[in-house]
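Below are two complexes that have subunit A in common, paired first with subunit B and then with subunit C.
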Partner chain A sequence: MKKMLPESELARDERFVRTKIEDRLFDPRGPKIAQRNTGPARMGVDRPAAGERSRSLMHGIFVGEIQALEGAGRTCYDFDEPDAPFALKLDMARQCWDESRHCEISVKLGDHMGTEIGEYTESTFLFAAACNPDPVLRLCGVNRALEGLAIDVFNSMKTFGNESGDPILEFCEDWMLADEVTHVKMGSDWLRRLTEKDPERRERALEFQRTVDAIFNLGGFRGEDDENPVQLARNFRRLAGFTEEENDSLAELARESTEQARQMAEAATATLNASSQGGS
Partner chain B sequence: MSKVTVRPDPFTLIAYDAGEIAALIEDAAALVDFPSDVDIDLDVDEELFAPLTGHLSDVVDGRVKLWISGGNLEDNKLPRTFAAHQARVDFVIMLLRAKDRLSDDFAAAPPDGSLSRGERAAWDVYAVGRALRLGLPMRRQKQLYDFRLQHGFTDVADAAFERLWESEHTTWNGIREICKETGAVDRDDSKIPVDLLRQK
Partner chain C sequence: MTDHTKPRPAFAPWDRRELPGLFSVEESARRVGNYKWAEMRLFEVLGGWVATIPELDVKMVLGRHTYHHAWHAELWHKRLPELREMNPDRLTQPPNDEFVTFMNAIREPEAPELTIEKLTGVYRVLIPRFIAVYTYHLNGTSTITDAPTIRSLKFALQDEFEDWRDGEMLLQSLIDTPEKVERANARQAELEKLYLASGGIAGPGSLGDDSEATVGERSVESTHA
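Coming up: the complex of A and B.
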């Protein structure tokens, strides 16, 4: 079996349609929308297209769970001793079990919301973060950055379930949230153990985590304001072992990403306006 | 046959064709037996993309004024591509609601921008249920979820949904009664306008 599987070779059946992030980034409608008030991005029953936006996010979570399963599975197989001790592989195998369950729960939640597998496109940039050839960097990127993001996403969905009075959504998200806290703790634990005598490698791993965090803040997806669909879940992050300093740093990074996205939208709008008026 | 006007024409941000859209509306009008002496204006907001979806159906001075997000017409699996099958479904629902508005039964209904979210969700269920019986592929669970978001995840709300879904005839008062029954009428007013996406 092949080691270090690239994202282009992930197995999917005919229901799945893959999209590239560039498709959205270079969509000429993006800058126009960024200049408009389309209501709070934060989930709520009174925001426009509440049901459709929830279904779309739920499908994104579902494909994210598939990729998390694939990432943890690859970590079991891609590395050998002593780079990846057997106990680490056992943790990853346990995570595979959790992610499989999350896939099933997400499919059922999709049914509950009235969507179906493959109704929306899949972007595989989550799995791309799970392709790092260094197991420590991979663990930091996946178990601390991405599973940390999962904490934020599940907590936002759980809050939405509570506020909309949907006991099924709230209950399911709460259970999955508990698993994600464990996954982050496993990542933190292995980061500490594998880099105990190599502070430089630890710093490289943390830098990789910050890069992945920055990618997933893209366009203000995560933050602490109403304009961020996914809210930073400080309390659950604390339970997972993130320090207050790390949470503050991530919040600051999220604010910077939101601001960058705003500036990019303004620049793109100016360019579009100039070209429509015959400028260069 | 109703005169159908589609704006913008041409589309500049996305490759939709106003003529193709107008033809789909004419087909939808025939399917719902829409009065042939009423003209139809459709505004498509081509800046909006999925999942920023929504549509509105109003009657102003005897003309039907429709508005729809470009996201409704976009293929979920192929961004920036027109999905005729999806558009057809939405046009039928929009015209069923517009036809309701032309009848005495809905004469007292306020414009779409002034409906509460509960009223709109209930009216949509009534329209989508009829669209299904006209042979269109509708997803019941999706409609139920949207209804529950505005009317609650309760047995009372589900029973109300069932009645609307199966109903061949109801009135504006019937819609309002449903909202009283589920408690949607008692929900706090939101500061977010129902037709926010239409506002530029």
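Coming up: the complex of A and C.
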């Protein structure tokens, strides 16, 4: 078996439907959807679309967990010493088991919430971040950026479970949240250990992390306002080892992304209005 | 009131542990180093295969088993310095080149349609042999002097038995045509021949020295005659 598996070769059964992230961003239906005034994007129980949004997010969590499992597994296989020390591989093997449990939990929660595998599409960007040929960049992209995002997502879902009176959802999200804090700590620990004598490599890794963070902020997905479906979980992030400076920087990045998304939606709506007036 | 000063035997009547064992410190360390090498190669490939396997249930089980074998490798890694090997990497070795060839063959399948070949290699060839070599060590080593190895062997064996059962059940559910039976059998035979050539996870003598056993049996037979 070869080292470094491209994302195009990820093996799935026939239920899964794959899309590219750019397909979602440039979906021609986007401007029309943006025209609808559906209120704050934050998942609230009083929102008519809350059920649909939570099911969609649950499916997104499920496919994300599969890719996180696959990414950790590939890190066990793709690298040899000294690039990946024995102890790092042990951590990745442990993460395989954790992500495998998260897949199991997500499948069962999906059933519980009324969705099923394949109802929503799968974008493989998470695994793409897990394909970086430098193990330090891979760990920064996955264990710090994406597992950090998972902290925000699970905390938002946990809150939603609590507010919507769903103790099963709240219970499961809390358990997964505990694992994600551990994974982020692993990422921070290995970043420090592997780049102790190579500050340039550390900076490259942190830059890669910022890129991944920025991509997952796209469209205002994450932030600290009502416009963001997923809320930044500062307390849990602190527990995982993110500094206050890092959290502030991420919040700023999220605000910029949200503002960009708002401007894009306004521009698209204006274009749509102009074309419809011209056509009448 | 009991007399707490009354002498009691050092070993309770039901404690039948004995001092003699088959392995010296060096031999035990050599075997443990072989185990660690094989467990490492196994957990690496299980992790690598997860992304190449389309069957969701198999994918998730392999994720769990990846950790089991990594943990075994860690147990052996920690045992080596206790067996006077202060540089664990020195003994983290395959027993011979033939065993490397065997492990490379186990790790070879990649395509998504080869799940049966992947699982047959691990669950019908390699893991039954881990069970055998660990059981041999467990039954042969000194139950008093090598007790820490025995404890680790028992933990590892418990996982091996359960993982073998998981893998065998997955295989039985995947092998649903006579052609797939043939595929699994052919794969098993190919790998067993390679394993045979290596002598085992700890090399020749993995399950004891056959020639010595034969000599012993012959002398008993000649006495009876």
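Note that in this section the second predicted complex is superposed on the first by the 264 of 280 C-alpha atoms of A that agree within 3 Å, B and C clash if a C-alpha of one lies under 4 Å from a C-alpha of the other, contacts with A are read in each partner's own complex, and residues count from 1 in each chain.
Going forward, a contact is a pair of C-beta atoms (placed from the backbone, for glycine too) under 8 Å apart; a residue touches a chain by one contact, two chains touch by 3 or more.
On a predicted model such as this, the values are computed, not experimentally measured, just so you know.
In the three-chain model built by superposing on subunit A, subunit B and subunit C fit together without any clash.
In the superposition on chain A, contact of A:82 is made with neither subunit B nor subunit C.
Of the two partner chains placed by superposition, only subunit B is touched by A:165; subunit C is not. Residue contacts after overlaying the shared chain place A:199 against neither subunit B nor subunit C.
When both complexes are overlaid on chain A, the residue A:17 reaches subunit B alone and has no touch with subunit C. Of the two partner chains placed by the overlay, only subunit C lies in contact with A:66; subunit B stays clear of it.
Look at A:96: by the touch rule set out above, it reaches subunit C but stays clear of subunit B. Minimum C-alpha separation, subunit B to subunit C, in the superposed model: 18 Å.
Interface residues of subunit B, counted against subunit A in their complex, comprise 13-14, 46-54, 69-71, 76-80, 117, 139-146, 148-150, 152-154, 190, 192, 196-197, 199-200. Those residues of subunit A whose C-beta lies close enough to touch subunit C in the complex are 1-2, 5, 9-13, 66, 69-70, 72-78, 86, 89-90, 92-94, 96-97, 99-101, 103-104, 107, 117, 127. Subunit A meets subunit B in the complex at residues 17, 19, 23-24, 27-29, 32-33, 36-40, 45-56, 111-115, 118-121, 164-168.
Contacts from subunit C toward subunit A in the complex involve residues 40, 43-56, 59-64, 66-67, 69-71, 73-74, 77, 107-110, 112.
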